[in-house]
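For reference, the structures are reproduced in the following blocks.
Two complexes, one shared chain (chain A), two partners (chain B, chain C).
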Partner chain A sequence: MVKVTYVAHDGTRTELEGDPGDSVMSLAIANGLDGIVGECGGSMMCATCHCYVDDDWQAATGARMDGEEDMLESAVCEVTGRSRLSCQITLSEALDGLVVHLPEEQV
Partner chain B sequence: MTLIEGHKPIIPAGGVAVWDVDPYHTAILRDPLDYYAELRAQGDLAYIPRYSVLAVGRYEITRKVFSDHENFVSSRGVGLNDFKLEDPWRPPSIILEVDQPDHTRTRKVMSRALSPKVVKGFAELFHETADRLVDDLLERGTIEAVTDFAEAFPTTVFPKAVGMTDVNPRHLVDYGAMVFNAVGPDNALRREAMRHAGEIVPWINAACARDRLSGDGLGAMVYASAQDGTLTEAEAGMLVRSFLSAGVDTTVTGIGNALWCLSQNPGQWEALKADPTLIRPAFEEVLRYTSPVHTFGRTAGRDTEIAGFPVEEGSKVLCVLGAANMDPEKWGDPEVFRVDRKPVGHVAFGAGIHGCVGQNIARGELEAVLGALIRKVDRIEPTGDAVWRPNNAIRALDRLPITLIPN
Partner chain C sequence: MSAGRVVIIGAGQGGLQAAMSLRQEGHSGPITLIGGEPGLPYQRPALSKAFLKTGEADKLALRPESFFATKDITLRTGEWVDAIDREAGVVRVGAEALPFDHLILATGTRNLRPAIPGIDRALDLRTLDDAAALRAALDRPRKVAVIGGGFIGLEFAAVAAGLGHEVSVAEAAPRLMARAVSPEMSRRFRELHEALGTALHLANGVTEVTETGLTLADGTEIAGDLVLLAAGVRPNTELAEAAGLEIANGIAVDAELRTRDPRIFALGDCAAFPEPGSGRRIRLESVQAATDHARAIARTIGTGTATPYAAVPWFWSDQSNLKLQIAGLADPTDDSVTLEDGAVLRFRDGRLTAVETINNAKIHMKARRLLAAAPVPTRDSLLQRNYDLTAA
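== the complex of A and B ==
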């Protein structure tokens, strides 16, 4: 199991457990977490699963995927150096304990 | 080797269910629910001898195969014909019928042109057009919603969004029907649709030329990529053609199917009116419940496997998206239409790198249409039987008689 902590805009922390191969987006959707919409289902066609990767996890989550940058331009909240589309972060044992922060809005 | 429907016949691996069915029989295309259920009951994989193809319809395996672009390629066509063995009826699409790395280049151009940000720029056009159309239709009261509403809206807004200067709504709708019927077998539906190719195809190709497009639409955005060297001029024209192949008939179907769902489920219509934040989720549920694109295929690019069964190179695999979207294992109560379901993960727009690149514009159009309806319309009442129009890949209505009753 891979533990992921989602920190909502108001500071609420939700800890979820997923399997390697799940995405940070799909784990949130499967558990009905508010704050991630994932409208396109993971095809990198919307920007409604925007998250900010915690500073401690930047290296482990790696660089943005090809095309992710373009789609992030459509995110409604501020895009920073820590911004990722959570559908493009695939869980693995190396990400056990991952912390992501959620924007105020997705749509 | 004698080909079957333009592809190599295969011998299925031992243990694969053999199911004698014609998925393209008009009775099934009109009312596919029993076929979907029987396909899922065959197991994770079935072999259909009539066309010598494999088929998947359970949710998990369908999603997996459909998005596994490494093993199941698109470049050999997403229908029954194997483009490696036979020339297709038109030059292959350079975004739909192509694999990585070529696909990545064209896909990027199209996803940039169709991003949520760009689509937001069309919101005013979509909303004003929808408001005006619904006002007109309310004056008439009883309408045939396929022609009067479902076709009228996209054929008004989409050519404007693309920046087309040539206008022929009939050609746009019929071209879509042709493209989608062409992914099926060489049956009466496909032959009938193709009968009009001689007239429509040259019109479509001419309408995609740079000098036939305005300077401020989606078409111009694609041609701008030819200027910066990402694409050739000819490739830009091909991508503009993709807008017309995939952007009209599909949204016509989406609107028709939405009106059908809401007219058949008055309780859900009331729920939507009571909570406008459900407009976007309601459209997702329409997509899940009706699967406007019911079936697309893939071709095994090498010897591989599906659910543990060996699959030989060149096998055609029907991915029955409609069956996956109705799988009770995934959805619990799939036969119930519920506007608040929020069915994230449905495969109506496909999945993975080939997921529908126009999905944002479809959502934008439907948001405008449903928004206008809930502001202006009290009830949507059926005034006769809905009639479905069989198509080898699209599940669309032929006629939908309804009455719109104003607030």
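== the complex of A and C ==
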């Protein structure tokens, strides 16, 4: 199991456990977490699963995927160097303990 | 903040989005979401793409069961609405009458089944059950014959060919995806499918589904021990029509997505709505239209302020290693300008109507923004930039 902590814009922390291979987006959706919409189901057609990867996890999550940066341009909240589409972060044992922060809005 | 009783007929992605958005808008009244298919609302786009390969049905649920209790949304699936009684202000489900103050029709579409001999032999690809049956049928080498060269048929054909099956596609129109893309893009995808080893039969409609495959208009026989019917859909308008609402290739609604009964809205695949800008009535079959419609309706109900619908349409299709992205909405006869990287710009009356790209999210996103601008860029202004959208 891979533990992921989602920190909502108001500071609320939600800890979820997923399987390797799940995405940070799909784990949130499967648990009904507010704050991630995931409208296109992970097809990289929208930016409604925007998250900010915690500073401590930048290296482990790696670089943005091909095309991800372009889709992030349509995110409604500020895009920073920490911004990722959470559908493009695939859980692995190496990401156990991952912390992501969520924007105020996704749509 | 609104507090009336909302009933939503149709628990697909649009119906669910309407329920979720109503809560986000602060709607405090009861929300009942009724769906004909059993189980939780799920994503359809993946059924003709990733799901065929992975078979992971549990990954398709749009929200978990617990979500509905948390949001106080009454989810009733596996139930069919019998009638809308506008006079009584109720929706009838069997002997039960559900009162509504606002009613949202999200009834979607169903597959067109052309009246040709043997059509019952052909399988559909619309529901999770359909997709699971197709996936199971692909467990041994098959001769796959697909009726219809649109998005669904071609996505399925690409997966089947990729798995090593022998695939044929029969399309009545002279080119692939003829309603949705430019002739140039049709050609590009024709090349893709031919390279995958798929036999394409264009301008050659199916006249019969036989025990051994398909018979085409020109007499050609195609071998097929697995036949998929993917010849388009028709909107589910019967409930609305029986209730005396206007039907025009879909449930007719105004710019606020209301029918002529101000309590009743329609969204997504089943709704015929005025295209922002042109005002002509259109009907779109896409996640984008369903969810953006849902949000606009939720805002109208939730805030009491009419919210005209104005989003730029977008579509996508994954076929083999090509991701086709379309921003905007072109007519089949709109002009085309093909750029060096294969992107196609569409124009009507000198204005940009749509941009078709392959594996190019940057241009796609840029196009969405350009098409949202008022006024939309002219062909001349784009030509002056050598059609470089990133410079526009």
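Here, the second predicted complex is superposed on the first by the 107 of 107 C-alpha atoms of A that agree within 3 Å, B and C clash if a C-alpha of one lies under 4 Å from a C-alpha of the other, contacts with A are read in each partner's own complex, and residues count from 1 in each chain.
Rule of thumb we're sticking to: a residue touches a chain if its C-beta (ideal position, glycine included) is under 8 Å from a C-beta of that chain, and two chains touch if they have at least 3 such contacts.
The structure displayed is predicted, hence computed values, not measured ones.
Superposition note: with chain A as the common reference, chain B and chain C are in steric clash.
In the superposition on chain A, A:Ala94 makes contact with neither chain B nor chain C.
In the overlay built on the shared chain, the residue A:Met1 is in contact with neither chain B nor chain C.
When the two structures are aligned on the shared chain, A:Met44 is found in touch with chain B and with chain C.
Residue contacts after overlaying the shared chain place A:Asp70 against chain B and chain C alike. When the shared chain is aligned, chain B and chain C each come close enough to touch A:Ser26. Common to the chain B and chain C interfaces on chain A are residues 26, 29, 39-41, 43-45, 67, 70-71, 73-74, 107. By the touch criterion stated above, chain C contacts chain A in their complex at residues 43, 45-46, 49, 58-64, 66-67, 70, 287, 291, 295, 314, 316, 318, 325, 359, 361-362, 364-365, 368. Residues of chain B touching chain A in their complex: 104, 107-108, 111-112, 114-117, 280, 284, 344-347, 349-353, 355-357, 359-360, 363. Residue ranges of chain A in contact with chain B, taken from their complex: 26, 29, 37-47, 66-67, 70-71, 73-74, 107. Across the complex, chain C is touched by residues 26, 29-32, 39-41, 43-45, 67-68, 70-71, 73-74, 107 of chain A.
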